[in-house]
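First subunit A sits with subunit B, and in the next complex the same chain sits with subunit C.
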Partner chain A sequence: MLTRINIGPIHPSTHGVLRLVVDLDGDTIANVEPHIGFLHRGVEKLVETRMYMQSPPYMEKLDYIAPMSVDELYVSTVEKALGIEVKERAQYQRMILLELQRIASHLFFIGALTNDMGMMFTGFMWGFRDRELILRLLEEATGQRMFYVNMRLGGMVNDFHGDFEQHVLKTMDYMEKRIPEYEKFLEKNPIFKQRTKGVGVLKRDDAIALGVSGPVLRASGVPYDVRRDNPYYFYKELNFREMSLNGGDSFSRYRLRVMEMRESMRIIRESFRKMPEGDSTGQMVKLRMPPVKNKVVTVAREVPRGEELMYMVAGDQKPYRLSIRSPVFINLHALNHIAKGHRLADLYPILGSLDVVMADVDR
Partner chain B sequence: MTDEATARKEMDALVARSLEGREIKPNVVFAKLSDLMKVASRGMVNWSRVNSIWPLQFGLACCAMELMAFGSASTDAERRGFLLFRATPRQCDVMLIAGWVTKSMIPEIKRMYEQMASPKYVIAFGECATCGGPWWESYNIVKGIDQVLPVDVYVVGCPPRPENLYSALMKLQKKIGGEVEG
Partner chain C sequence: MLIGSIESFMQAGINSSDVLVSILFLVLYAVLVSILMSVYAYLFGWIERKVIAKAQYRHGPNVVGKYGLLQNLADLVKLIAKEVRYPSNADSRAMALSMIGLVSIVVFVILLLPLTPGLAATNFGLGLLLVFVVLGFSPLLLFITGFASGNKFGELGAQRSVLMVIGYDIPLIIVVGTIALAAGGFSITGVIGAQQSLPFALLMPIGFIVFFIVMLAEMERPPFDLREADSELIAGWLTDVSGPYYALALMLDYTRMFMGSLLISILFLSGWAGPLLPPLVWLLIKAFIVSLFIIIIRATVVRLRIDKVLRLGWIYLLPLSIANLLVTFIILKG
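What follows is the complex of A and B.
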């Protein structure tokens, strides 16, 4: 005899407006069915009515925890369709900003995951305090706190100002001291360990079959990373380490994100060392572009949540069709597979460890 | 006869006419006392309402990130009594609509609003909640939450900073305390 209960769409730990219909056998989950679409606003269709460079603000709202990563992906897609080269200095600057964005996103993940487990105060407050420092750096570089729109075709809107490098390196020094504190606080905490170790195991073959990507895939033992396997910008020239863990449980997914934060800090330091002198500003924003007709481009990027892909059929002045492959949508599909057989109380740590953003799912 | 005396006489006549055919019950005195108590305590109740505004923990979209930043360590919201975010609408005074509202969310938002105890207030936080924002052309978005709920304070920005929410709540405090009309 199964009991069917409804969770959401408004619930303090659904990471957005997600409705879960759960079939329970006693306290054990028999089936989870995510109902999505509460944030649908038809962004793929809206973009078809806009000129190319009018769309970046729409793209940033897809993944609002790491907005710049989607913005950059869209601008790169347009650059590829129009055949525009990006300046070398701008490529390094984009890498630095994207890695800063990745650190901010993973800090948010730690805050949200600990919040889901009921330890709201320390984990949440610590995660947000350090995220605030990164946001301050991004505000310094771009002038906005959350939605930046700082990419232009072929470069950036502004070059970094003189003191920016020092400010970033200072914050990185501080973060390097903070991350061991997170590890000490979470990995020595018996409750955190009990609720994540061995919970929500996603095996290697299942992960490949379900098509998950990003930290969820890497925590299951597949070292696939777009930055390493299909490199863009100067990632291939950096000393990029392969990252994967074999656990496949919620703890591995948390652990892998902490490893990624360390790796991002290394990339930022290395990029600052290698960044050439010069100017990184891109082309002025022009509404009318040189005509392109029926050119099909596909660009993939490693955003903090996985492999995001844009497929664009370029029309004259406007995209004829833009299709987005969202990593979160596919990772959310794995929820039923992972959560089956666990207790109801473990559903939220599992959902938290997948790190979903509902705006990217519903589009 | 002076004007004052005429007025008094008229007033007495009015009172006599209104009491005509009515029995004066002894508990009238007590009822009047309780009314007095109500008047005397109104200031007290208002004072406590102003200084403990409990918002509902309810995020829709991007602006919810700034809402969470508002609740975190950098903006110390508790020092003016904007206490913890509550997870159930029955314990809350103010509902913050942070994000775009789709047509499929409207029944849920209405239900949440009806579950809140009166007096209740609504803050439209961000462009999307005030007027539809960048999605005003979309087929699935409600162009402003004020088409559905009565809004007390509007906050503009995409997204507004946590400090803007702070000032919006201070405006709401003024409104509850009766310092501004509107």
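What follows is the complex of A and C.
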């Protein structure tokens, strides 16, 4: 006989307002049904009523753990629709900030994952402590801790200040020392290994069939990364390693994110070296834009959670239609597939390893 | 000196031939022990918050009272002032009674333990056995609370509670038997006496580890807090316990820690034995260190899964406890 329990939308570890209806056979999960929509704000529709450059603040609230990545995606979509070139220096600066954002997001992920496994917030606070350093850097660059709105068409709101490079490199040196600490803390913990290795296995073919992307896909052995396979900005000129792990389990998904943090740090260092001198500020925000009529553009970006995609039908002064492919929304689909047959206690680490942000799912 | 005279006065009262006087003194003793227990529990409620905060690079409570010492009092007052609510399908009487029963069990166990050489509520020869018999009721009461709450999370927590007992009770009893074997009897005073030359923690290190792990599970401390499992089952068997009863449950956390630390220090760390300081102080110092260690464990581990607990119990703890029994037997007789 199956017991049906209802987890959430108010629950300590559903990463926001996610409701899971779980059918339990004893303590084993027979079926998980995610119910979403508790955080639906109708952003896609809202954007249609706003001028192009009025929307970035809304976009940042989509993925509140890595806000700049969505903001940048939206601005890039508009730039592509309006045919605006981004200054070279600004491209490098965007890459640097986005990779910083990726590190911050992955630190959050590690913290949330340990929390889901029942560590009393220690991992969470550790992750937050280092994330805070990154946020401080982002604040230095943009003036805000979380919601930056620092992209303008063709560039940034302001250039990096003189000491910024040094500050970033110093923090990167510090992070270089901290990441092994996380590895020691978690990977040498037998209980952590027990609870993640071989748990929630997503096989390669299933991963492709389910359409997951980002770290979840790469942890299943598919080295697909938009930065590498469909490069934007100067990613193609950097040599960053292709990353994939074959495990497909929660542990691989955790491990891959640690690897990605290291890779992001390399990208940041290299970008600073290659960044040309000059000016990176973009256009002033104008309410009236050159008229575009029904131009369809699609832009894909590798955000920390996967491949985020924006499809925009540009209208006159306002987007006619904006559609967002959220990586989290699609990764969440894999939950039932990989959680089935595991014990209830494993549901949370599995959900945590998918790194869901409900605001991006519900939009 | 003062402590000594109070001790002998109390002991004389408890041993008095007049039943009424004896009962009166027993009640007085129980009240004193409860006060000690509450103070310890309160103190550790604060210490745990501070220690864990340190591990997490936070400050911990620091607003209410000096160093946040009154934070727990504030929490307690808040909880006690709250309304008690039961879900419509809960058996409220069973829930309330079993919560009170759980605390009573802890108090009773502490009463059975001799806290100083001169003073004990009873010198019952089978004290050690009685302690663990009484302690065996606590998972049952836990199960009743969870099951009676009529909440599915409570029910799951209750089921886990019973499953865990299957995992750890047998190794526990074997280790306790080994202690009795080494001490030559089930008297707790005798157990402490037998450790004068060598604490049992050194005589049977394996047994100590097994006992420590089992006590962690008994006290519901991480990584064995599966019945409560706040990130999985909301609060497990405590999900629908509210108001003053929840305050009781919070107290229970630390009173159980006191009980467990006392048991570990008495059975393995030679109890009150120690130079210079009075016996009670030595016992409390040992219990304090054990409790501190338990708290540090809490800050660093992730929770075990129920099947892994059973696995741990049957595949590691049970053979280890049997090996401990054999080795101890050989050391003692050989």
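Operating definition for what follows: the second predicted complex is superposed on the first by the 362 of 363 C-alpha atoms of A that agree within 3 Å, B and C clash if a C-alpha of one lies under 4 Å from a C-alpha of the other, contacts with A are read in each partner's own complex, and residues count from 1 in each chain.
Please note the rule applied: a contact is a pair of C-beta atoms (placed from the backbone, for glycine too) under 8 Å apart; a residue touches a chain by one contact, two chains touch by 3 or more.
All of these numbers come straight from a predicted model, not from anything done at the bench.
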Touched partner set for A:82, first subunit B, second subunit C, both or neither: neither
Partner chain in contact with A:169 - subunit B first, subunit C second, else both or neither: neither
Touched partner set for A:129, first subunit B, second subunit C, both or neither: both
Subunit B versus subunit C as contact partner of A:41, first or second or both or neither: first
Which of subunit B and subunit C A:17 touches, first, second, both or neither: first
Subunit B versus subunit C as contact partner of A:157, first or second or both or neither: neither
First, second, both or neither for A:117, with subunit B first and subunit C second: second
Partner chain(s) touched by A:51 [first = subunit B, second = subunit C, both, neither]: neither
Shared subunit A surface residues [contacts with subunit B and with subunit C]: 12, 124-125, 129
Contacting residues of subunit A [partner subunit B, same complex]: 9-10, 12, 16-17, 37-42, 46, 49, 57-58, 61, 64-65, 67, 108, 111, 124-125, 128-129, 131-132, 145-147, 358-359
Sites on subunit A touched by subunit C in the complex: 3, 5, 11-13, 27, 114-122, 124-126, 129, 185, 189, 191-192, 194-195, 343-348
Complex interface listing, subunit C residues touching subunit A: 52, 55-58, 152-153, 156, 159, 222-223, 225-226, 229-232, 234, 298-308
Residue ranges of subunit B in contact with subunit A within the complex: 57-62, 64-66, 68-69, 72-74, 87, 99-100, 102, 104-105, 108, 112, 134-135, 137-141, 158-159, 161
